[in-house]
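Okay, so chain A shows up in both of these, paired with chain B first and chain C after.
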Partner chain A sequence: MASINTPEAPLKTSAPQADYNRSKGLVVDVALRFLLFATALVALIVMVTSKQTKMIPVAPGLAVPLDANFNQSPAFIYFVAALSVASLYSIVTVALSILALMKGGISTKLQFHFVMFDALLLGIVAAATGTAGGVAYVGLKGNSHTRWNKICNTYGSFCFHVAASILLSLISSISLLLLVWLSIYVLFKKIARR
Partner chain B sequence: MASINTPEAPLKTSAPQADYNRSKGLVVDVALRFLLFATALVALIVMVTSKQTKMIPVAPGLAVPLDANFNQSPAFIYFVAALSVASLYSIVTVALSILALMKGGISTKLQFHFVMFDALLLGIVAAATGTAGGVAYVGLKGNSHTRWNKICNTYGSFCFHVAASILLSLISSISLLLLVWLSIYVLFKKIARR
Partner chain C sequence: MNVKSSYLVGLTIYQLAIHHLYIHTVHTLPTTYSSSFQLLSAIAVTEKLIHILMETQLKEVEVVNRSLNFSGKDLAVRLFALTLTLVAAVLLGVNKETKTVSVTLVSSLPPIDLPVTAKWTQMSAFVYFVIANAIACTYGATSLLIILVTRGRNKVVSLMITILDLVMVGVLFSAVGATGSVGLIGYKGNSHVNWDKVCNVFDKFCHQISMALFMSFAGGIAYFVLIVLSTLKLHNKF
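After this line comes the complex of A and B, so read on.
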């Protein structure tokens, strides 16, 4: 993370320089919001399409088709809900950011609302990533102490979907953290400049 | 959450009024950091002392003592690690905030570092709460699809410790979110005032 005292950010900048810096920040903001949108949406799709059906032997010579699906676990349902909210939020904010970029700048009030909601979403998406990750890890490794069996040796494709989805939502969380950091950095530069 | 346009926050305030507002913000900051410290530390202690031993029948007339402990689950180990970091961080920041309060104000640079780390910690603690919560929910309700059995009917005191600890870490996460919100609100008021 860039420090507030980087040499390329002098305390007093001329107006065109300030405008340039502000729009550069806004371009990074739009790029991060687009990354958030892409990762949250793909994570959502990958998780929702994770269903896998396998013939499971229940008795000698008898196998029944059993599904593995995200909606069998409350953790994954919360994950899908949180990422749906993040996707919707990122669509709206990408649109508003691009609009602000075209107008040449972002109003302080809009920026205030952005960073407030970014921080809230960071908490929600990070918690969702953790929740799904914790349960998926039990599915991958099992737990001998509680005698919870692994399921990834049976439902490989399901687990691959879940793992990919969690990785993507981790990138979403990191994008949100970077968005909060960027907003705060831009704010502090504004204060230092005046 | 208070809006940036609250009637009691006029755009131009006299210097003593501004100082008063700033130190009021700092008092709330110290209070929230203390809440963070208290909840993170108690959550940590409650989780670490959750060990419960029970006689589990393994054969008719034969029972062996079996432990339930937080270190049997990678999710709870991550939870303990994250809350240790949060506790240590909150000790340091409570001390620095009280020092700043005694000196009558907080430097912009220190505030910048606080809010950057607050946002990072928010992500870490929220993820830890989610991870432990996801696994604890499986322990409470079980999962019939994966045939993961409940363990809370056997290890009641262990589960009570885990549940209390997760609730406390949820309060820690919310404190961190409020700290980030407070810092951003104070910053935007500073910008609006100038």
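After this line comes the complex of A and C, so read on.
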């Protein structure tokens, strides 16, 4: 741990070809971060607007309107919170990446920070996908052992929204995975070149 | 913190504990001087032995650090993650509880006692949890073996291992999320969709699930720590 504070050596000695490769990696980085932002935001909006009201017969000749909403389940509330964090984070990092692209190259220190926080966010978003997926699967299929009835035959549009939202959050967690892979690969190449 | 300082801290704690024990013994047994002297000499011999053992271990660790290209921290965390995911998979994989529940079929008749079994295969989220933890455990053992065989010298292999560690973080956290949400419904129930809680009946079953969840969460954090460690190792090369 003693050598963590050593001053960074300048990295500007490489050839123009290497610079081109690095900025190509940075372009892919910005594109993936933008994909992350788009999928997280759309998943958030789709989940928040998933409210559905149906007339449910409670007795012969009597039906009451009942809502299905995301805030009735703690799993979906966590999902919304995690994807909000992901959207905010991706706005900040897209801005940082575009700034680095305009400057012509990303600093190694920033890239290390990106690796750490991307991996952390990957954990959060993957947990959110799993959480919502676990509850939604019970809602889709039901469970006869615990007598939890399926609800997707009643609330079709609600379930469609939830399914689309889970698919989008799956895409955003995969893009986070690719982002970390890309950053680690670029760092590895930088070391191999030195 | 390097090995030497941790060794010194350990020795200090040991000496303090022994001193305390010795005073305690002398105060409680004031008449049996001979036994307390015997105890004192035994303590001195043990201390000397531990000292010699620690010194040799220190030398060994230094030699190993010079010849190999992986850190002991990385191996220890990997072993920790492997053990935690193994325990989580086994805890949920052997989880089964049978309870007698009285069911009223017809209100005029007395309730009938029926044996009801809760098993992990009945819920798809639990099946996913066990499979994910088994995969993480197998991967942990394989990567440990690969690191030991290649001695951390092959750069491409360590890059691949870092990449796969990240996949394990995703898989473990999603499994924890899925099982946690289903377990929360089992614990609290959900009145909006008429899903009743089941943990008031199957308390041991639910307790075991929460233990497995905790283990698997810690395993996921351990894989995350592995990524941080390898990133720091990359950082130190700049």
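Observations on the model:
In this section, the second predicted complex is superposed on the first by the 180 of 194 C-alpha atoms of A that agree within 3 Å, B and C clash if a C-alpha of one lies under 4 Å from a C-alpha of the other, contacts with A are read in each partner's own complex, and residues count from 1 in each chain.
As a convention for this text, contacts are C-beta pairs under 8 Å (C-beta built on N, C-alpha and C of every residue); 3 or more make two chains touch, one makes a residue touch a chain.
Everything numeric in this text was worked out from a predicted model, so none of it was measured.
Of the two partner chains, both chain B and chain C are touched by A:Ser73.
Within the superposed three-chain model, A:Arg147 lies in touch with chain B and with chain C [touch as defined at top]. Once chain A of one complex is fitted onto chain A of the other, the partner contacts of A:Val115 extend to both chain B and chain C.
Of the two partner chains placed around the shared chain by superposition, chain B and chain C are both touched by A:Phe188. Of the two partner chains, chain B and chain C are each touched by A:Gly134.
In the superposition on chain A, the residues of chain A contacted by chain B and by chain C overlap at 1, 4, 68, 72-75, 108, 112, 115-116, 119-120, 122-124, 126-135, 137-139, 141, 143, 145-149, 151, 173, 177, 180-181, 184, 187-188, 190-192.
Residues 1, 3-4, 6, 8-9, 68, 72-75, 78, 108, 112, 115-116, 119-120, 122-124, 126-135, 137-139, 141, 143, 145-149, 151, 173, 177, 180-181, 184-185, 187-188, 190-192 of chain A touch chain C in their complex.
Contacts from chain B toward chain A in the complex involve residues 1, 4-5, 68, 72-75, 108-109, 112, 115-116, 119-120, 122-124, 126-135, 137-139, 141, 143, 145-149, 151, 173, 176-177, 180-181, 183-184, 187-188, 190-192, 194.
Per the touch definition, chain C reaches chain A in the complex via residues 1, 118, 122-125, 128, 155, 159, 162-163, 166-167, 169-171, 173-182, 184-186, 190, 192-196, 198, 220, 224, 227-228, 231-232, 234-238.
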